[in-house]
């Protein structure tokens, strides 16, 4: 397994890409292991929030270029890119919030992976890039995720030059939520994860899944869809409990149904 | 009536949500009153620009939770969320520019209301939040408006934690245009409103309505549509007068037709 | 010809709008000359990157108002706006990266032109505006390009007031990539252009064309499409060479096929 998982308490599960000798490259094997892990955790009642990070020197360097270069037919290249896309879709369409915790480099498909998470935090010296252009292979799939987070001219600059950006700038442009010193990153990410895990995970499931869907709809359709979702949400025990608790000025006690 | 209107001169109409004892909550009654008010002003020849604000301590706390909690069937919840969505669509699809003038809190559907206006200004100590997750009811309809103004990871942080943001940050992320001291807010909003009301309101009507429509189209369709709209606009007396005035270096005199 | 071209070496071609006595207004003639120039350069093997600028006092003031005011029938107005849109689409859909190099004013359709380029750089005292509202003719086609680069409330402020913004702010909101002193702008733009022209232009062609297409697709379709495009890209000699060079730690030698 190129992926490890660790329970951190409070319903927080840590997913660690564990192939440090290839800078956690997203090889066929690692992609499959990640996809299986996210599929499993999506159904795991003891997982309410997921923190995704890389082991060793950094987050992920992207595809494994030795492997990519060794593949000799189109079909297998397509399989690789489709598998990678499937993993990204799984994170977006899953029920549980996923927080990327980035140190070192998040490059190419590694940058896409961080961009695909619901939230992302990094060390202040982390770097992000879509450098495919430097090896003659444009970051076409990575740009799908990144270009939905940052504005177009900034994205084009990254894609056309391949130049990395630093964490402070990544925050400014909306690619990550915030950056912290190496020492503080873990504490800060855990703080956010704990706060989110203290909410009703039924509510969060409904909300996360509605969020990405409504973004792709025209305004009128988005309102029709989310009005239905809020009605479904209101019928849950947790919304009733939450509103009662609010009116009675006490802490809610979630049943997650 | 939970909504008051006031003529401020220069074609500027002030709409005031007036249910301060519930922090201008968006109850069935207030939503209906707002919808009726915006419908009426859209046809009012003496209204060229609308300034929307809340009375009392702040802008609006969102839905009336006592009312929401008291509703016992799905159909009435759906009616409530649909009515709320209808109001938001009315503001977006209306002919007149609407400026939100926010003090205190703009939370949940209140935040959505400010986000739905064409422009928004606030006091420096105003706060904005989508805190539904704290009461087990995800801000699914509010996020439709807010997520079309701010980038995705910032929005997700607001939705998953429920934490409020301050006015300075709301400006940075594009949720509001600017913020001012309590003393200056009124003067600054009036200045903008007057500037806009000095333009041809026929031109602004064509432009505002084209703006939101073209945003939802692919680039090629957006160009076809707006090229037609500019041609319609060019056929108006005001465009002819405006161009003549420009070439003759004099002030234009609008006929609004 | 109201448009000049100049070879700057390294596959960089300079396109200069050359009608300084009308502030490089986008008249029928200038639009046609630009369209022909971009069409020609798109097929020119010696052009890898295009730098677009205005001659004289500034970039472009937008449509030629004398000409627009003199047109007496709708059909010719529609022809003008359609021709202008065709030019903008040509830049977006073309194979070669286009960098706007802006000094002075980029107003109305001139602002649209800068916004339509893949990258944009300006002098620190350049200004940008969508001021059509001041002459009774809303900037409906310009807003198509600009509103796809900047957030909605900022765009609405520009459209409803017609007020210009300065270069520093244009950078903050994502309308341009960066701004430099008059002295440094040329050097900096050339630096970027040279960096981009040093890449495989086959790779850049595939990437640029995929970029704008995937932006208009739902996430799942965008991944399917770009996975195919990456597979096509991988089958090229340049991707193979680029990956080999990377693994062998040497500089790649592009064949552009």
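Lettered A, B and C in written order, each chain numbered from 1.
Everything that follows uses one rule, which is that contacts are C-beta pairs under 8 Å (C-beta built on N, C-alpha and C of every residue); 3 or more make two chains touch, one makes a residue touch a chain.
Quantities reported herein were computed from a predicted structural model and do not represent experimental measurements.
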Chain contact graph: line, ring, star, complete or other? complete
Fitting on CA atoms only, what is the rotation between the copies chain A and chain C? Please report it in degrees, nearest 5. 120
When centres are defined as mean Cα positions, the distance from chain B to chain C in whole Å is 32
Mind pulling the residue numbers of chain C that touch at least two other chains? 148
Chain A contacts chain B in the complex at 97, 118-120, 148-150, 174-177, 192, 195-196, 199-200, 202-204, 206-208, 210-211, 214-215, 218-220, 222-224, 226-231, 233-236, 238-247, 252, 254
Considering only the defined contacts, which chain C positions touch chain B in the complex? 65-66, 68-69, 74, 77-78, 81-82, 84-85, 88-89, 92, 132-141, 143-144, 147-148, 151-157, 159-162, 212, 216
